[in-house]
Amino acid sequence: MYVLAINFKSYKTSYGSRALSIAKEADSVAREYSGLVRVVLLPPATEIVRIASAVSFSSVFAQHVDPVDEGAYTGHVTAEMIKEAGAAGIMINHSEKRLRIDEISFILGKARKLGLETLVCADTPEVAAAISVLSPHMLAIEPPELIGTGIPVSKAKPEVVTGTVNKVRELNKEVLILTGAGITTGDDVKAAIRLGTQGVLVASAVMKAQEPSKIIKEMTESLIKALDSLPPALQDGGEGLNA
Amino acid sequence: MYVLAINFKSYKTSYGSRALSIAKEADSVAREYSGLVRVVLLPPATEIVRIASAVSFSSVFAQHVDPVDEGAYTGHVTAEMIKEAGAAGIMINHSEKRLRIDEISFILGKARKLGLETLVCADTPEVAAAISVLSPHMLAIEPPELIGTGIPVSKAKPEVVTGTVNKVRELNKEVLILTGAGITTGDDVKAAIRLGTQGVLVASAVMKAQEPSKIIKEMTESLIKALDSLPPALQDGGEGLNA
Amino acid sequence: MYVLAINFKSYKTSYGSRALSIAKEADSVAREYSGLVRVVLLPPATEIVRIASAVSFSSVFAQHVDPVDEGAYTGHVTAEMIKEAGAAGIMINHSEKRLRIDEISFILGKARKLGLETLVCADTPEVAAAISVLSPHMLAIEPPELIGTGIPVSKAKPEVVTGTVNKVRELNKEVLILTGAGITTGDDVKAAIRLGTQGVLVASAVMKAQEPSKIIKEMTESLIKALDSLPPALQDGGEGLNA
Amino acid sequence: MYVLAINFKSYKTSYGSRALSIAKEADSVAREYSGLVRVVLLPPATEIVRIASAVSFSSVFAQHVDPVDEGAYTGHVTAEMIKEAGAAGIMINHSEKRLRIDEISFILGKARKLGLETLVCADTPEVAAAISVLSPHMLAIEPPELIGTGIPVSKAKPEVVTGTVNKVRELNKEVLILTGAGITTGDDVKAAIRLGTQGVLVASAVMKAQEPSKIIKEMTESLIKALDSLPPALQDGGEGLNA
């Protein structure tokens, strides 16, 4: 099952009623294509409670958690908190919130104990390979210089995506690999799948859209078409990774 | 009006149903002493929505906000978000989440525009004085080495509290000054008031208590008694600061 | 005595023989105008030993020190180290190396004990005012958005410079105020003095110049001319600040 | 050839004449056992020039470099600077100066281009394995909780050392693995070798010693004895790793 992950970031649309409405629209697409595409919503920490309780067919992930256990930590967001708020997983190490390697390892260990899924971002094939050794559930490859540009990495730097797939697959057969940075259209999504990844991580294309539901639907359908157009062996491969 | 500010931090009791129950207990004390003592609750970011909608007589402040405007910021908690979630104010620069001086200035400016109240922590009289120039609504003086020890700064280092009051009052007549770090009992609260501050910032004493409502009540009553025992001129002064 | 402070940063010219040669050229200008203008050189940490032992008429300041005492700190540069290496002072809180307010206060305290001079950078009049309460020897006002642009703050945002002078002078009569960001020509230097500051902090204009000695000389002479053209009372004022 | 790496940190003895004298003593041991043990000295950035020019049989590494290229970076120490100052390599990611995974990857890439050797620290076998994918020359395993305690990791947590060797060797056959944290005596050094690592990273045991030269000699001789006592096949293995 391919993945459409929507990073809400901190836009005007990322919180409050607009965020809730985007989440509900995405959830209704997720319902329509249930069993075919997995929709992951990444709202800000303050919105997890409201969005997690409003959606049924999508998964809610935190955009980040701090690398600490429970204790005397002021102003922190912990894995325990976001789980309690209704999140099923966490994203970490986005280029706008990088972590140290020991912190990534610490959080992945905690998430495992708490039963939270994990998505870790990486900026290069080398870093993606190093992180894959720590066994997250998903990896997103995002060259930071393309984030928010509307120039999809799959077009501008396809070798970054294929290089990531090659290097990571030598070390880790199971991690789902997502393509991020500049993914704007259904075509970008297809290209991401054609390059060997299992989904996309998007942000501004949805959050800044006039009609978020339209682009969510377009991307979801592109994921499904991309899956259909793969040779049967690879389709199984794709499924296998998600089983 | 004196202030009892309760920093929830990231304890086991800081989120979910236990946090909600502490917030409600505090709110019921706030109702009882309404008009005499102001109760400020500082839950984690994920809990602001639930706690803000559950209390009526207390103010909810965020424990921290990130020094950014709306935009492409992943994993950030902004002033806009916590306001939308129901917070009336923000605390910043706690010793467990220090900020740079330019970031403090930036956040105070944003809070002013958004109509949010502000509480800034400081570790020494010198730092408190520097921050007071930036005109927050409240300042808390907390020597980091005493935080969480149960040894009240008002006993261990009364000169830090009086030094803060003296230095700050030369520069800023209006900011409310709170005593933090090690405040555990009603007596600690009285000492804080006697040293010239207008309230206390507490955390573990409440969050780790067997009966949080008991210690909240004890501290609140100590604030009221401390106020009563001041000479009338100073009582007015105290009121004046809050008017 | 007015100040010409040259921040070497981390350019190709900032270390090794090119850095040494710029330092010697600056020192020879400092010798020529000795008693009239003070030249402060800010090489990288690795170059302090070599540059401090090669100059006689300029002062060497570190570009930054870490906010720690002696101890188990790996990869840190402490105030003790740079003093031993031959520095007479330290700059801190440059926009490319910001510090927390408690760290600024800590380092200023250490520098006082070690007999090191201090120069603290600020991005806005408000932040400059807050820092001035901590009594550094010098303050530099540098709007970060103008740094390295060649657009002098004295032209683009004169109100930032005059606002800084006004706010700081209410709180601190003694700190020397330097104008930074975009200072490129002798005229920029004159404008900085005319706006009420006591010198300039420059970087790329010197470090990237074809002939560094030429621009150093031009800026130094502009400082002297600016001083001459002030009414006698203000000239004394300028002197008084440096006495 | 086994490795004795001495991290000078920021102690009273870490800079100036005392640091120079420790460096010279270490260098004289390095001369005595030249070809058998490699001595790596890690002075603070300010001391690299002086120490690199004073030693002949040891290698000088920086304790840290900042993850930036040449440019407008104030207060940074770059790989170019420390190379020019005479360093042959760099250590990064010590527990007292951790880096993000993308920064580690960036610095390793730069070091490769500049011809600098690299030593990367890790806190756990998992993190060591992830870093080994990025191909540093040396890795040091140091559980932070043992650093500076005098309790050698080889005794307190031998499974951390053997776990590191096992996990890293699955991914990288060539990286030298050093044991760090709490190494105090010649016996600790022997234990480190017996557990399968190729040397030690020490700090306080040397830097705080009454007679640094004595403990340097003791550790060096222990490395040689440990090598002698290995079965011939493993001796070759040890050599092979360093060839």
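Just so it is clear, A, B, C and D label the chains in written order, and each chain counts residues from 1 on its own.
Definition applied: a contact is a pair of C-beta atoms (placed from the backbone, for glycine too) under 8 Å apart; a residue touches a chain by one contact, two chains touch by 3 or more.
Bear in mind the structure is a predicted one, so any value in this text is a computation, not a measurement.
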{"item": "Chain located farthest away, centre of chain C as origin (C-alpha)", "value": "A"}
{"item": "Cα superposition of chain C on its sequence copy chain D - rotation in ° rounded to nearest 5", "value": "180"}
{"item": "Centroid spacing, where centroids are CA-atom means, of chain A and chain D in whole angstrom", "value": "38"}
{"item": "Where chain B and chain D are represented by their mean Cα positions, the distance between them in whole Å", "value": "46"}
{"item": "Where chain C touches two or more other chains, by residue", "value": "95"}
{"item": "Partner chain A, residues of chain D touching it in the complex", "value": "93, 95, 98-102, 104-105, 122-124, 126-127, 129-131, 133-134, 171"}
{"item": "Chain A residues within the chain B interface of the complex", "value": "7, 9-12, 14-16, 44-50, 62-64, 68, 70-78, 80-82, 84-85, 91, 94-97, 147-148, 203-204"}
